[in-house]
């Protein structure tokens, strides 16, 4: 089980680095809240409409934040060749992937909760005891997005065109995550709808991508 | 007696001829559909192009898995060729589907789930080609592209089942529905011929593209 | 069966190259290099700027693919894969973590023995800066910190690319001491530098690299006594 211990330690490193640098997550939260505000202004003061659009807006902001956060964490690894150093000493380098999925899930989860609070303030989304189900839904969609993003950033991290390639590769793959997250959140807010089905889709995607990631990581991440 | 060499040398012309024949018969000669009229003839382009697109992406997946397993350069060339051809045919399928949609639903783009997710699949494989383009080192390119080739294919079942996931305006499956096909037998024969000829064109294009890639690498080695 | 080409180093082969060639477009980085590093070996590679040292070291480390030729590890089975630490031009450290946190991470990842971290910090005179963020350290101190990171992973082979660059004479001596004593305790070394004088204190045998070709062995006889097989 040492791979999971190593992965947790690597995830902890990501989070400590992120907290100290105060770089990606605070700016993602600020940018997300601003995006909700700007979109609300663009759509107009129709409260009913804004409320119904909230899950979609949160989903889109989350999709773009996934790119930013995953890119930032990957860049920190590569800045001074720490990634190569870890790759060489780890018995099973897949610990790096698992660690990254954990830290990215945690960051996206915090961001998504922040976005829902912003949505309740700006878009009149009512957060009640019944909507507490949004928490596990947010966790699942964060995990799903993190699983895709961690692996894709591994692929494009060393390419000179990473800033263009990251969104180009990630967004088409994130579509199922986006759809299931938005539909599940809509079902929670509406109090009806196939919540379990969509939550299942998020979970299945996370499993699928983590599975493919674990099978292909050595090839994807090999520094050579 | 015709020799194999002659067939190989003229295979391109023969494939182009076969494509021309099915296009002429499909778009001009077979009877028009009773309810949709002439616009239904787009089916003879739309369906085979979509089929070739899906087939090409399946081969990208299989060749990618094969490359990760065996590290054979030829499998990498095959994956790259199929991705290029797949993107081309999927684009044709989407364009023809869009025209068909304008005629039947009155809109170029209807956010129909199957059409939309096919477009997303097209973007994923266009991204695959961009990824390949951005990596100069041959082996590294092959390895990373193979991993993405596997990942992108994960999207394909979502495309396939999207019809079941969301409410759709799209015509439900007609040919593969259990029981008798609901289209006229002559139209069905034309459709089968179109699919067969497009598949032949796919094989020819991929073969030529793989050959080109091999020559390109041989030149680079010199 | 691989045999040692150097009778002064009878240790078991660890990692080696045969006919190794790496090109960057039309530019030759290394050309048909044959080189074996043995257990207990200490090999120096001398070469000027652009001679191919960095490429050679990264190829031996296994973090750069070859265009032709082979990289071989003595025991091909995954379990016995030799652990390699690479100190390249960059330190391999996280700037926003302290040196101690960095070393803790490496020690955990490499399962290195308890107490070894403190020993390395002491040997390299790094105790005083161990709790500072790496990004705040001077270039020379970061270089030493990079060596500490590499040593803490307790590798079978330590590969260092110009380890003494930007380090003052006193601390360069501390680094050389740390490498020597680590070599004396059975570790293997592959070190590259501009001139033989900086490498002689830590290497048993020296090779010269020129235009990507390993052209000659330099002055190895004088140092054969230190080969610890």
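By letter and in written order, the chains are A, B and C; residue numbering begins at 1 in each of them.
Here is the rule we use: a contact is a pair of C-beta atoms (placed from the backbone, for glycine too) under 8 Å apart; a residue touches a chain by one contact, two chains touch by 3 or more.
Not measured: the values here are computed from a predicted model.
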(request) Find the most central chain, measuring centrality by the gap between its CA centroid and the centroid of all protein CA atoms shown. (result) A
(message) Of the chain pairs B-C and A-C, which one is connected by the greater count of C-beta contacts?
(response) A-C
(request) Find the geometric centre of each of subunit A and subunit B from their Cα atoms only, then give the gap between the two centres in Å, rounded to an integer. (result) 32
(message) Roughly how far is subunit B from subunit C, centre to centre by C-alpha average, rounded to an integer in Å?
(response) 51
(message) Just the number, please: Cα centre separation of subunit A and subunit C in whole Å.
(response) 38
(request) Quick one: which residues in subunit C touch 2 or more of the other chains? (result) 65
(message) If I count partner chains per residue in subunit A, which residues reach a count of at least 2?
(response) 224
(message) Where in subunit B do residues touch two or more of the other chains?
(response) 140
(message) Quick check: in the complex, which residue numbers of subunit B touch subunit A?
(response) 68, 117, 120-121, 123-124, 126-127, 130-131, 134-135, 140, 143-144, 146-148, 150-152, 154-155, 158, 165
(request) Spell out the residues on subunit C that touch subunit A in their complex, using ranges where they run on. (result) 61-65, 83-86, 88, 90-97, 101, 105-106, 108-111, 133, 149-150, 153, 155
(request) Could you pull out which subunit A residues touch subunit C in their complex? (result) 2, 5-6, 9-10, 13, 16-17, 20-21, 76, 79-82, 84-91, 95, 223-224
(request) Name, in rising order, each residue of subunit C that touches subunit B in their complex. (result) 25, 65
(request) Show which residues of subunit B lie in contact with subunit C when the two form their complex. (result) 136-137, 139-140
